[in-house]
């Protein structure tokens, strides 16, 4: 009988690892199984330098949105060489008046560097509800400790380009407004668990595409 | 000359560790330095079983508040034997209609067990804004994966007692409403970074004691 | 040709991960490969809230045994949502006079909470052979630091229900009596390595089903 | 006024770290505080190569005991350079007929290498009570996975020298017989939690110096 | 008697931690003890946003050296808020023809982003001696997996500015040429262990200030 | 239709894990996928004690080479039971005058024990270019902290046998001379990034088989 294409594909995956005795890295194979530690490893014989190089940060993120906020991640989902290495990067663009909305990164720490622009008001909030706020200028860097809410606003008169370094290859991005208002979480439940008024909730669900 | 009391105190700390060659644990010494991994270790010669036993969960948390939500943590800050061990517990009480407000735990995972009561509607939200919602009854347990927003509501007609297990001895508790409205983060900045209306923000700042 | 069912099954696994760019969790797929970090991840498109909810702890463990000891684990083997998250829970029931036998958890730490009952004498032993012993009552919690031998006895006049929190999703349970006497480890070897008398060993092998 | 000697001592500790901006290692300072991650770091200005060299394994362990078992650890308690590095070693000597008693290492993995001698029967027991048993000869190595019970017997006609590698700088050594019989754990409690006969327990308490 | 100043200083450190029950972070106190996990924590009552902000990357590194290589680290030694958080950043400047010399980071992974300039030839070498080489342009990023030798050369006709993200707050920088030639390692020993000619070694020792 | 052999093979892998509910270890299956945490787990039903025993260290490494250096690793690539356990071992043989060349282990720490021979001059270099050098004799052990360059020379008049313990099951071995001279890294690029003379580089490329 013929071997079905998919079987052959699996076959190549299976064989590959027998050539992988010594591995310095585990480049993500997006077509194979994932585990708690990340993606399966690409056949080392097929790994090239291009698995470790990413050009996606050349282009500004699209800032044509309500926040004038562009975000281009270079995390393991786009950048296979990061698999299992515990670090990732991203590019953030803010138009004049642009905003990085209130968010967290599931336990990852972020270090933000202002590469272009000025007067970026950035902040985070600790578990005692204390606010840490600073205006950053070109060349400044700021830490957002693991798991804490943070945000930024471009108060300058030029666009801002920032690079983020994250302490995980898969840091996630949990934005408050979309977590609350861009899904089917009921208005009643949101109101009870956040103290927000139902009218406010309905207004933002309409804006962001939430239901219920 | 006499040795000043504080010097003597330091002296005892310093000596203590020389008796600590083999350590199975590092009981928190709340009076000494802390590091990234936790508190300094109490002199092993002074460690007793009571460092590993906590009775604070005997008593229900105070539910006389807007959420009818009582919370009694048994984390390293109260329970010195947990220092460095990567796990902690807590007791949660909900009056009839009580609510665990929308919150995260800085990267820790929580497993909640319903010990008493029924009809607890619990949920979390993932990084794709998908909602995971379930009604829990006595004996049910639910996972809130690390760093994700979660909450619960007692929809039953009796008080609820739940025990939480957390994957960190110092998980933190970042409640959305207090992070936003119980500090001096400006109404303007909150509005820009969350899309909430200023009137809503001012109303909740008044309720929760926020300024600006 | 037709694709064989198993190939199709693999095919679905393989495809699935390509939709899994951002993962907050890795729900265990019990039918796929395991690695050192745990089970492979279930296709995120097939994950539901039920992967994060477990009802197995509703029912008491069976205490009709020599120790009047019932144990119901909610670890990754039963509770797929725990995969990779570093925490698990369990329910322990003790009849009047019931006993949790002498055991360890392969390096995991346990925190035990007495939910029902009283007068539970619990203890652990450190590497210096020092005994830590305490009588626990309803609401008390006790820590058994990672890898140390521990045990408990219900000395009260009512059944006991306890919840355990463990610092691993796969903590294991190494009970001394079954490790020694419920296998084919030879009586001679047990005697040499434990100093126990051969008559004692044979007696317990008969009781527990060991051979040799 | 004069500074008291101890203050001066603290002073030197405090100053030292200001010279420690870049640290590749953290040599244990046995006279200062410990934390969950290990000992405080010795002043880098005082670190020498001798903090990384240990001669204690030159000499065989004393085998004049009931097991003809000599053990010489080179863990962080003796070998300060290991502090925080996650590995340690030890030397084990067994006379003819010598025995490494049944024990665990609190979650650490051990790899044992037979450097001299032959016919070493070594084994471990997994959480399913399965026994893994092998006779080792000169040059053989065997893994005892983290936290599992293990043991060895010299069945050869010459003394045995073995080197152990452990996956922790502070692995601990929990020997069953001394954990049970070399302390004040009551005969009644041991009997209930291990199913051993009280006569057996009393006999071994007498042998090993236990009370109660 | 008066308390000596240093004692008073220690006193404040000791007291401080009693206010530190809930800690989201552990800002480095450069004047106190260090441990394997990093610096002791600054008194939380004294932590300000400035502990999380660093302006040192505003200024280019000094490129007036043999490699036209400027390096400005923002690691825990300069940036106290990074303590224990597992990530750091740095700024690298290369003049026209400038070179980042052959080096490693003690097990840390680096992600390099080209912020300004073009035609940067960057590479690393794996444990199988395979070379991974790529010419990077503005906006490109490249991964240097943990512990591997890497380097870069500015082959463009303008200066280059790059930002590095590292998977450790204290990554270290082990440059081959200074490790070999800027110390008292004997010419004979270098020659034996690297196969380099003694004349070559002596020449580079003269250049870099080595002895022996 | 028939199931193709490879499908059947996958099938058996897939089924196997359903029997693996409680796993104390994850023995490497060299024929299946790898992930960042290591190899996939062998079917527990097929695991035997031989997966945990290795005899490869019985035989000296081949010292018929320029360094009179024999190296026999017992890492996860040869020793499947080590998968995921964070430790490995190796045997090193040095002829009279033999040399362990200048190398690192990608972030792993090594502890070296001299089992046979004497007068082994061993050393490492820290990130401040400081040299740590010691002559080791039989029974001595020395630490090479994670990621630092190290080396050794047998200055005695007998062959040397040493055992290495490493803090990773897959430590890697990055030898300076082969990293630089046993590949196609161009002479020009090596010269620029190491300051070595091109004549020296070409000489060693010829010796070691490098090109360009």
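Every chain is named by a letter (A, B, C, D, E and F) in the order it is written, and numbering of its residues begins at 1.
By our rule, contacts are C-beta pairs under 8 Å (C-beta built on N, C-alpha and C of every residue); 3 or more make two chains touch, one makes a residue touch a chain.
This is a predicted model, so every value here is computed, not measured.
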Where chain B and chain E overlap in contact partners, by chain label: A, D
Select the chain at the greatest separation from chain C, using centres from the mean of Cα atoms. E
From the options D-F, A-B or A-C, choose the one that repeats interface B-E, i.e. more than half of its residue-numbered contact pairs are shared. A-C
Return the distance between the CA-based centres of chain C and chain E, expressed in whole Å. 44
What's the distance between the Cα centroids of chain B and chain D, rounded to whole Å? 36
Roughly how far is chain A from chain E, centre to centre by C-alpha average, rounded to an integer in Å? 25
Residue numbers of chain A (touch at least two other chains): 1, 4, 7, 10, 22, 24, 32-37, 39, 85, 106, 123, 127, 133, 146-148, 172-173
Between which chains is there touch? A-B, A-C, A-E, A-F, B-C, B-D, B-E, C-D, C-F, D-E, D-F, E-F
For chain C, which residues count as touching chain D in their complex? 66, 99-102, 104-108, 121, 123, 125, 127, 129-131, 133, 146-149, 151, 153, 172-174, 176-185, 189-190, 192-197, 200, 203-204, 207-208
Chain F - residues contacting chain C, complex: 1, 3-4, 7-8, 10-11, 13-15, 17-18, 20-24, 26, 29, 32-41, 83-85
Given the complex, residues on chain E that touch chain D span 1-2, 4, 6-7, 9-10, 30-37, 39, 77, 106, 170, 172
Note which residues of chain D are touching chain F in the complex, please. 22, 24-25, 48-50, 52-55, 57-59, 74, 79, 81-82, 85-89, 91, 109, 111, 113, 115, 123-124, 126-128, 132-134, 136-148, 163, 165-167
